[in-house]
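In the two assemblies presented below, chain A is common to both, partnered first by chain B and then by chain C.
And then the complex of A and B:
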């Protein structure tokens, strides 16, 4: 039980996928202008991340390892993730058209979101059991959503702030991301 | 080597089949007419129609939910194209509505009770003895409608009353909701004759406080050849009202009205409206949606 707890705390806070491992920066900067769309993006990425975590684990343990073709891991994982994103896109377009429009290009870009592939590979590297791999994926997706929501909250406030012209837009967003990253460093003493 | 190729091919094929089935199951049907309509839309996404953008407007037209004339930047040329695509007749579309001010009580016409020096807001001015004007039914002249108009169609005139630019007005209803006196009304753009007074008091009470009030003399009612204007019960009194279904814009009532409470406006020509509509191939440029005006 304690192992699971450590996995969760370390994935959400200490090794936060965005702020400590610098994976999935693209939607972190791209879809963090509004709280509602950042929540939607967090949800979509979480869905893909958890599902791909499960499928990649199964594929690795029942196809790649028995046939001794571990070197095909990256190709196989990308295939799985790309198919999953396609699937999520279809479902979203059917059932939540406003969210589909709000996410725009960032939805298909989940395919190349390194957070998704990164988590799948970390699962392999740490040689997790299925339960641990799922916990790990879930915790990382929660961490991703947390970072996105925090960022969008700050950026919504920044709309009212008086920012020097040369710092407006991306520069100030990157500065904030850096400050958030530094503050998340403070969690490293937690365990 | 062979195993790697086969296992990947099998996986790819499997995912392909699943996606194919899902694609059929979750297919979103897009009416080809929506795409076609979008080609002719101004593409300004100005929101004059009350929709999120031109795309949403095109979808709503195909679904038959909205009046195509709501697209102000499109102009008459767009309505004809929409009619051609949808297989309907332009004349069957309900005409565009614009806001009309039903009060003419400017600085010269109406008597004042006191000088108001408070916050420039119609609601607040009204809270003090029903407003600074002696007439309790007319325009408070604090310009809330002008501030609430998203298209800059309402400007405050020199006589203190709002002046509505019918070419910019999209009939969005915001000023009608905002006006505390409810003297703004949405009327079809082709209607020219309006009773511009909603004072329901008796003539002997209304006349002394405003030179252009409706005094319920019923001259309009007697002279109307179409039986379109009547002095009818309204609020807690009576006032002359035009029945827009019957009115033919002849203007006889306006000529007979002793206080000129009834007015006949100049016609708003479809020609000018057509000119306002800018065809899409001229972009980028002004789409005349009017959104920039208040900025």
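And then the complex of A and C:
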């Protein structure tokens, strides 16, 4: 039990996927202007991330390892993620149209979100059991959503601020991210 | 556009990192030292060059409806080759870059160039485009990592140039990456306004 707790705390706070591992920066900067859209993006990424974490684990342990084709990992994983995103999109359009509409544009973007592939590869590198891999994926998606929601909260307040012209947009977002990242460094003594 | 223009546009006018703000994940993660930054730039350029050539050669064979999955598979194959080659020949760099070598697959610049350039142009312009974009990205990574290494570790390419008491370790920690890139982008915005590139 304690091992699982350590995985969760470390993935959400200490090694936060965006603020300390630099995965998923594109959506973090691109879709964090409004609280509602950042919640949508967080939800969509979490969903795909956990599902792909499960499938890539199964494929790795029952296809790639037994047939000794571990070098095909990158190709196999990216194909799984791309088809998974397509599949999720189709299922959502059919069965939950309101959710599909809400996530709409964010869904196809997830394929090129490095957080999804990144977590799948970290699962392999750390040689997690299935339960631990799932916990790890869940915790990382929670960490991603947390960072995105915090960021959008700050950026909504920034709209009224008087920012120098050349700092507007991405530069100021990166500086905010740096300050958030410094505060997350404070968690590093937790374990 | 002449071949020379295809080459130079990636370096300043359409620099993938500084002007288009693509590929930020590796730009922030591996730029803790100049050596890592340039190594990542070289690996990236290799993959981009190979995938641009392959996609440009196959552009009339690939059906439009499945082009994105086809591009992804082509890119992933080249990334796997690069990964294996670096594992064999540059083990220390391979270890330092770690997870970010396989993650070249999801680098938006490569897929973006495949979709926007290689699929519409013949081989020679595609090669020039890949070389220019690759060089532009490598220069950008080198610049970010030079600031971070000098300020954070007091060294440049591993050679100590500042006394040990000066460097701020924060610059090689994650926040340093965000701050450096943010300030560089703002500076370039300012310069661009002034000199109207």
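Operating definition for what follows: the second predicted complex is superposed on the first by the 175 of 191 C-alpha atoms of A that agree within 3 Å, B and C clash if a C-alpha of one lies under 4 Å from a C-alpha of the other, contacts with A are read in each partner's own complex, and residues count from 1 in each chain.
Basically, a contact is a pair of C-beta atoms (placed from the backbone, for glycine too) under 8 Å apart; a residue touches a chain by one contact, two chains touch by 3 or more.
Quantities reported herein were computed from a predicted structural model and do not represent experimental measurements.
Once the two complexes are laid over each other on the shared chain, residue contacts for A:63 go to chain B alone; chain C is not touched. Of the two partner chains, chain B and chain C are each touched by A:72. Looking at the shared chain after the overlay, A:87 reaches chain B, while chain C stays out of its contact range. When the two complexes are superposed, the chain touching more residues of chain A, out of chain B and chain C, is C.
When the two structures are aligned on the shared chain, A:2 is found in touch with neither chain B nor chain C. In the overlay built on the shared chain, the residue A:23 is in contact with chain C alone; chain B does not reach it.
Applying the stated contact rule after C-alpha superposition, one finds that A:174 touches chain C and leaves chain B untouched. Once both structures are placed on chain A, chain A residues 71-72, 75, 79, 83 are touched by chain B and, in the other complex, by chain C. By the touch criterion stated above, chain B contacts chain A in their complex at residues 3-4, 7-8, 11-12, 15-16, 18-19, 22-23, 26-28.
Residues of chain C that touch chain A in their complex: 21-22, 24-26, 28-29, 68-69, 72-73, 76-77, 79-80, 83-84, 99, 102-103, 105-108, 111, 170, 173-179, 181-183, 185-187, 189-190, 193.
Considering their complex, residues 19-26, 29, 71-75, 78-79, 82-83, 111-114, 117-118, 121-122, 125, 164-167, 170-175, 177-179, 181-182, 185 of chain A touch chain C.
Contacts from chain A toward chain B in the complex involve residues 59, 63, 67-69, 71-72, 75-76, 79-80, 83, 86-87, 90-91, 93-94, 97.
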